[in-house]
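Here's the structure, in C-alpha cells; my notes come after.
So that you can tell them apart, the chains are marked A, B, C and D in the order they are listed, and the count of residues begins at 1 in each.
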Amino acid sequence: MSHIDIAQLRERVRAFVQAHCVALESPSHVHDPAALDAALAQLRPIARSQGLYLPQLPVAQGGLGLSWTERAEVFEEAGRSYLGPAALNCAAPDQPNMISLLRQGNAAQQARYLKPLADGAIRSCFAMTEPAPGAGSDPSMLRSTARRQGDGWMIDGHKWFITGAVGAAFCIVLAQTEEGPTQFIVDMDNPGLQLVRAIRAIDPFAIGGHGELRFTACHVTGDAVLGEVGQGFAYAQQRLEPARLAHCMRLMGRARRALEIAQGYVCERSSFGERLADLQQIQAMVADCHIDLHASRLMTQDCARRMDAGLSVKTESAMTKVFVSEALNRIADRAAQMCGAYGMSEDEPIALILRELRPFRIYDGASELHRATLGRRFLQLN
Amino acid sequence: MSHIDIAQLRERVRAFVQAHCVALESPSHVHDPAALDAALAQLRPIARSQGLYLPQLPVAQGGLGLSWTERAEVFEEAGRSYLGPAALNCAAPDQPNMISLLRQGNAAQQARYLKPLADGAIRSCFAMTEPAPGAGSDPSMLRSTARRQGDGWMIDGHKWFITGAVGAAFCIVLAQTEEGPTQFIVDMDNPGLQLVRAIRAIDPFAIGGHGELRFTACHVTGDAVLGEVGQGFAYAQQRLEPARLAHCMRLMGRARRALEIAQGYVCERSSFGERLADLQQIQAMVADCHIDLHASRLMTQDCARRMDAGLSVKTESAMTKVFVSEALNRIADRAAQMCGAYGMSEDEPIALILRELRPFRIYDGASELHRATLGRRFLQLN
Amino acid sequence: MSHIDIAQLRERVRAFVQAHCVALESPSHVHDPAALDAALAQLRPIARSQGLYLPQLPVAQGGLGLSWTERAEVFEEAGRSYLGPAALNCAAPDQPNMISLLRQGNAAQQARYLKPLADGAIRSCFAMTEPAPGAGSDPSMLRSTARRQGDGWMIDGHKWFITGAVGAAFCIVLAQTEEGPTQFIVDMDNPGLQLVRAIRAIDPFAIGGHGELRFTACHVTGDAVLGEVGQGFAYAQQRLEPARLAHCMRLMGRARRALEIAQGYVCERSSFGERLADLQQIQAMVADCHIDLHASRLMTQDCARRMDAGLSVKTESAMTKVFVSEALNRIADRAAQMCGAYGMSEDEPIALILRELRPFRIYDGASELHRATLGRRFLQLN
Amino acid sequence: MSHIDIAQLRERVRAFVQAHCVALESPSHVHDPAALDAALAQLRPIARSQGLYLPQLPVAQGGLGLSWTERAEVFEEAGRSYLGPAALNCAAPDQPNMISLLRQGNAAQQARYLKPLADGAIRSCFAMTEPAPGAGSDPSMLRSTARRQGDGWMIDGHKWFITGAVGAAFCIVLAQTEEGPTQFIVDMDNPGLQLVRAIRAIDPFAIGGHGELRFTACHVTGDAVLGEVGQGFAYAQQRLEPARLAHCMRLMGRARRALEIAQGYVCERSSFGERLADLQQIQAMVADCHIDLHASRLMTQDCARRMDAGLSVKTESAMTKVFVSEALNRIADRAAQMCGAYGMSEDEPIALILRELRPFRIYDGASELHRATLGRRFLQLN
C-alpha cells in the first residue's frame, strides 16, 4: 500500500479538474496546439501547487510515486477533461517518454531531457509510425535508417501521425541500423529534421497535434542513442503495454464525462409528455453505459495489479485495450444519442468526445490486429 | 416509366460528381458556409449545362421531372460528394422547401420564393425545432407563437438547429396560432428576425450551417401564411416522410464513397507481410458493408415505388430511416477502421464522412423515437 | 404475371396452415421422423384437395407453376408451421431434388423418381456432406468415390448430416469419378448403402432427420448417373443458390410465427403494474423484429425477381442468405426474450423455433464462409 | 485467506469433473430427471471421498467452508459439466435453499431439512414463480395465499417453472398472508400439493426438471413457516443476489467447455485448403470469446470480494448478471458457429450447451428488467 490516501487524492483531482480544466475548455481549442499549450501554462502551476502534479513519476524525480493501481484512479479522474492529464503532466506521449528516459536514459540524457520534461518546461514526441509502405501497425516494416558517421549517426526517414510533434522540444525516433532498430533522441530544431505539417485528424484536442516529420541526412552525435543499439523493438514493446493501459485509464474519464452530461440532460428534458429519463429505452442505454464502464474499469485495474506485482500483461493488456476502446466508444455514442440534436452540437462537449474517442480503436494497435494476435495466441499457433 | 434513360443519367451524374464536386472538396470547407456557397456558385452552372440540375422538380418548374424511383438513383450518385446534392439543387432543406411551396404555395408565393429557389439564386431554411422545453422530436411542444395583428401576424419564438439558416433568403417557420400550428414564410432580413449564431455541430459541411434564430415581435403580412392557417402539423408530416427518404438516398452515396476509398486502401496496403485485402477480417468487413448497402437500397427503393404509386409510406419510411441511418454509420465506421490511422486524418474524406453521417441517427427523428412509435403501431396500441 | 391470384392463394395457404398444420403440431414430434411422416400423411391430401400442393413444380408435372416471386409468398406462409412446407411438398430436400430431376434427369429417371416424389408417395435426400477430412463447406474435399465396374459403378464413401435420410426411398449422392464429381441416384435399399444412424441435431423437426450414411462397394447400374458424368459440382452450384433462397422464404414464416406469439403475449401480460406492450424496451424489440423481417423479405424478393428474369443471383443470394439467416435468428431470439420463462418452455413453439433456426446460420454455407467469399469478390481478388 | 489451497482444490475439481462427470454425460439425460438422479448417485460418493463435496457450506455443516471468492473458482470448474455442480451438491436450487435454511431455519428445521439436503439424501425446490397474472418477474403480483387455520396454515396457489420439483422431498414456497409474503416449507408428499407435470423447457439438463405445482387447501403445521411471517420478500431478495452470482460462476464453466471444444475442432479441421484455426475470422471469434470470459470472470470475482467483505452487491450483481448471461451466450454461439454442422449435432455437447445457457438471460430476472432497474437507479429516479 502507498503512503498516499488515494481516495482523497482522487477527490482532489476531481475538484481540480472541475474547477480549472473544465472551466477552461473551449471549442476554439480544436486543432489549435498553441491555444492548448497556453491553457496548460495556466493549469500546471495550479496542479503543482495542489500537489497533483506528475502522479506517475517516482518521488525522486519530483513525482507522486503512485503505483499503477493508484494511477488508474487518478488518470481516470484527470481524463474527465481533455486538459486534465496534460495539466497533471501525465498525458501521452510525454508520460511514456518519461518512462523510457527513466529506464533507458543515461544520467546526461535524464538531466537534459527528463528533467525539463518532468518540470513541464518542454514537450516531446515519439516518432515510430511511417506512411505506407513503412511501419504502421507492423514495426518490422520500419524504413527509416540510421547509419554510423564518425562518432555520430545520420538519420533518414519519413514519419507521420507523430502525436505531440507541434511545439515539441525533442523526439524519440525509431530507426533501422545495421544492428537492428534503435531509439535516438533528436532535438526538434536539428536542421536535418523538418516538421512538414500538422496532420488534421478526427481527434480535436491532441496536445501538440499529429505531425508529419522528415529526417534528411539528419546528423546526431553518438550520445543520441537511447538505450542500447539494436534494442529498439524490445523497448517499443515494453513501452506499448503500459502506454495502452494509461490510455484506457485516461479515456475512461472522457467517456464518463459524456455519460454524466447525458444523464443530466435526460433528467431535465421531456418529449411527448414524458421526461426522457422515465423512458425505458433511455434507462437501458444508461444501464449499458455503466455496465461497459464497470467492466472496463475492472479489466484495467486487473492489469494495473498485475503490473504492480511485476507480472506480464501481454495478453491481458491486449484484451483490455480491445474491450475498453470499444466500450468507451459505445458509451460516448449512447450519450450522444440520448442528447439528441443537442449532443451533436459543440455547445456541450459530447460531439467532441465522440471524435476524441474514435481513434482509440485504431491507435496503439487496431482492434482487428489485436484480435488476430490474441486468437492465434489462445490457439497456440505461434 | 419515364422519358429519361435513368441508367445513362446516373452515369452522367457520377461523371459530373467525380470530375467537378470531388475535385473541389476541401477540409477548408469545414464549418464555413461562405466557402461552401462559393463552391456551389462554381458547380451549379456546370450541372445545369449538363442537364443534371433540379432532378426532383417537374419539367414545368425547370426540373428534370424524375419519379421517386428515379430520384433514388440520382440522389445516391450525387451524394458521393458533400457538394453533389446542392450542386444539383436537390439538397435539404431547399429540396423539401420547394416541394412545400409547390404544394401549399399560391401563385404569388411561388413566383417570389419558389422561382428563385429553383433557379439557385437564393437559399432557404425550415424553422421548426426549438430549444427545451419547446418542440424537439415532439412537435406538440411548439412554443413559438403567431398572433393576428391587423391584416398581418406578429411572430415570437426561439428556434435552433435550423439547417441552412446562414445565408438563407427566407425561412418557412412553424408557429402556434389560435387555430393551431401554422406555416409562415419570413424573409431573413425581416427586422424582427435575428440570426443569433451559427451552431457548430459535428457534421462539417451543412450548406448554410445550423442557425439559432430569434423572432421578436416579428411582423409579417397576411400573405406570409403558407397553406392554410392551423394546418401546420399536417404539412410538416407530409413533408417529413419524403424528406427522410431523400436523406437516405443522398447519404447512401456518402457511405459508398467511404467504402470505395477503404476498398482501394486495403488492396494497396500490407501489414505483417500480408496485403490487408487478403485478411479475412477485412474481407468480412467489406462483405458486411455491401450487405448493409444492398438492404438499405432495397428498402429505400421500396418506399420510392410506393410513393410513385401514391401509397402511404408512414410505416415503411420509418423502418427504412432507422435501418438506413444505422447501416450507413456502420459502413462508414468499418471503412474508417479498415484505413487505420489514415482513415482518422482529413487527408482522405473518411473521417469527415463519419462526422457527416453520425447525426442522421438523430435528425428527422431519433432511432429510439421511431422504434417506440413503430413498436406501438405493430402492437396496435394507438 | 401469373394466371394465379397470388394474394388469394397466399390467403388460402395461411388458412390451411393455421387450421391443419398448426393444429397438428406437437412437442412429441421432436426427433421423431416417423411421427412427422404420419402427420404429413394426414396433411397432404387436404393440401392437394385445396389446390395448394406442389407450388414449385410446373403444371405439366402436377404443380401450381408458380414463379419464384410467387413462391416467395407461398413458401413464407407455409413456413409458419414446421409441417407447412412438407404438407405442400415444397420442403427441402425434396423440393430441390425435384428441380435436379427435372433439369438433369432423363425420362426414365423422371418416371421412376420424380413422379412418385411429386405425388408424395416417397421421400428423398441429397448426400454431399462428409465427415472431416471430407467435403464440408468445401466441396473440393470430396472423398467418396465411384469407380466404373462393367456397365455400372461401385460407390464407396461416408456421408453425414444427410437431411431427410430416415425413411427416404432414394438419395442423390455426389461422388468423385475419374472424370470429376458426379451425381448418382441410389435407392436407399441398395445393399451397399447403410443408414448408420440418425444424427440428433439441435433442429427438432427435420423431416427425415439427419442421417449418417455409409456406401460400401455399393453397386449401381449405368443409368444411376444423374446428368453428365463429371458435372456434379456445376449441378451442385446450380442447386445451391435457389435452395438457399427457398430456405429464406420458408424460415421467414417460422420467425414470423414466433413474433406473432410474442406480440400476443406482451399485449396480455403485465409486470410491475404495466402491460409489457407498454414498455419501450418491448416496443423497440418489436420494431427491430419488423425491420429485420422487412429487409429480409425485400432481399429475398429481389433475388426472386432476378431468378424469374433469368439473371444471376450469385452475389445477391449469398448476401441475402447471410442477412436473412442472422436476421431470423435475431427475431426469434427477441421473441423468446419477450415471452420470458414462458418462451423457454415447449408449451408454445418459440423455444423450438429457436432451435430450428439456429443451424440456418451454418447450413448452406456458414456466414463466415459467405462473408469471406463475398469480400474477396467485391475486392476483385479472385 | 482461507486454510485451503484454492488453486490446488480447483485443480482437483477439474480432474474429478473430467474423469467422472464428463465421462458420464449423455444425450439420453435430456429431459430425464430420473436418469440425472441416477448419475448423481454415482458421482456424489466419489466427490465426497475426494474432499470436494459441499464447497459452499460451513465446515460445521459438513461443507468445505469456502469464501465467495473461493467458490467462484470451484463453481466455474465444476460447471464444465452439467453434472459437476450437483455432484458437488452446489447446484441450484439446493445450494441457495441450504443458505436459506441456514439463515432462517430453526434448529428443528435444520435437523429435518438442511441435514439430509447437505448429505445429498434428498433434493428440494423453491416455489415462487406463478403463471400470469401471478408473480413472474414482479414478486408483488404474488397470488398464492396462506390463511391461518388453527395452529397451522392453509395454502392455495398455482406455481410453475419450479426448477428441481421432480423428485424433490420438500419445497420452500412463497405465499401471501395477512402479514405479508411468507416462506413455508412444504413436504412434496403433502396431499394438498400436486406436481401437475414436468414442464419441458429449452434447457435439457435441469436437475429435477421444471415443475408445475398446485396447492389446494394444502394444510401445514405452524412450524412450517421458514423465518418470520411477513418477511418473505426480504428473504427472497437476500437469496436472489448470491443465487445469481452462483449461476454466473457455474455457467462460466459451461461456456468455457464449449470454447475448449471449438478450439480443439478448429485446430484439426481444414476447409478450402486452410486449417480453420489459421483463418482470421476464426481467430477473432476465439479472441472475442476469451475477452468475454475474462470480463465475466472479473465482474463475478469483484462481486465475490464484496460479498466476502460484507458489502452490498445490489447494483454490481445486477450489472454482472446482465453482462455475464449475455457474454456466455455469445461465447457458446461463437463456439457452435466455429464447429459448423458438427456443432449443431448432439455428438458433442455444444448444441446442448447452447440450450442450457439461453434461459440464463431470462431466469433470475430478464436482462430488460435489470436494465430498466439499473437505469433508474443510476438516474436516481427511485
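As a working rule, a contact is a pair of C-beta atoms (placed from the backbone, for glycine too) under 8 Å apart; a residue touches a chain by one contact, two chains touch by 3 or more.
The structure presented is a predicted model; accordingly, all values stated were derived computationally and were not measured.
The interface with the greater number of C-beta contacts, when B-D is set against B-C, is B-C.
Distance from chain D peaks, on a Cα-centroid basis, for B.
When the contact pairs of C-D are set against those of B-D, A-C or A-B, over half line up by residue number only for A-B.
The mean-CA centres of chain A and chain B are about 37 angstrom from one another, to the nearest whole unit.
Between chain B and chain D, the centres computed from C-alpha atoms are 53 Å apart. Rounded to whole angstrom, the centroid-to-centroid distance between chain B and chain C, based on C-alpha atoms, equals 43 Å.
Each of residues 279-282, 284, 368, 371-372 in chain D touches at least two other chains.
By the touch criterion given at the top, residues 27, 129, 132-133, 136-138, 140-141, 160-161, 199-203, 210, 268-273, 279, 281-282, 336-337, 340-347, 351, 354-355, 358-359, 361-363, 366-369, 371-372 of chain D touch chain C in their complex. Every residue of chain A that touches chain D in the complex is listed here, in rising order: 263, 266-267, 277-278, 280, 282-288, 290-291, 294-295, 298-299, 302, 316, 319, 322-323, 368, 370-372, 374-376, 378-379, 381. Against chain B, in their complex, chain D makes its touches with residues 279-281, 284.
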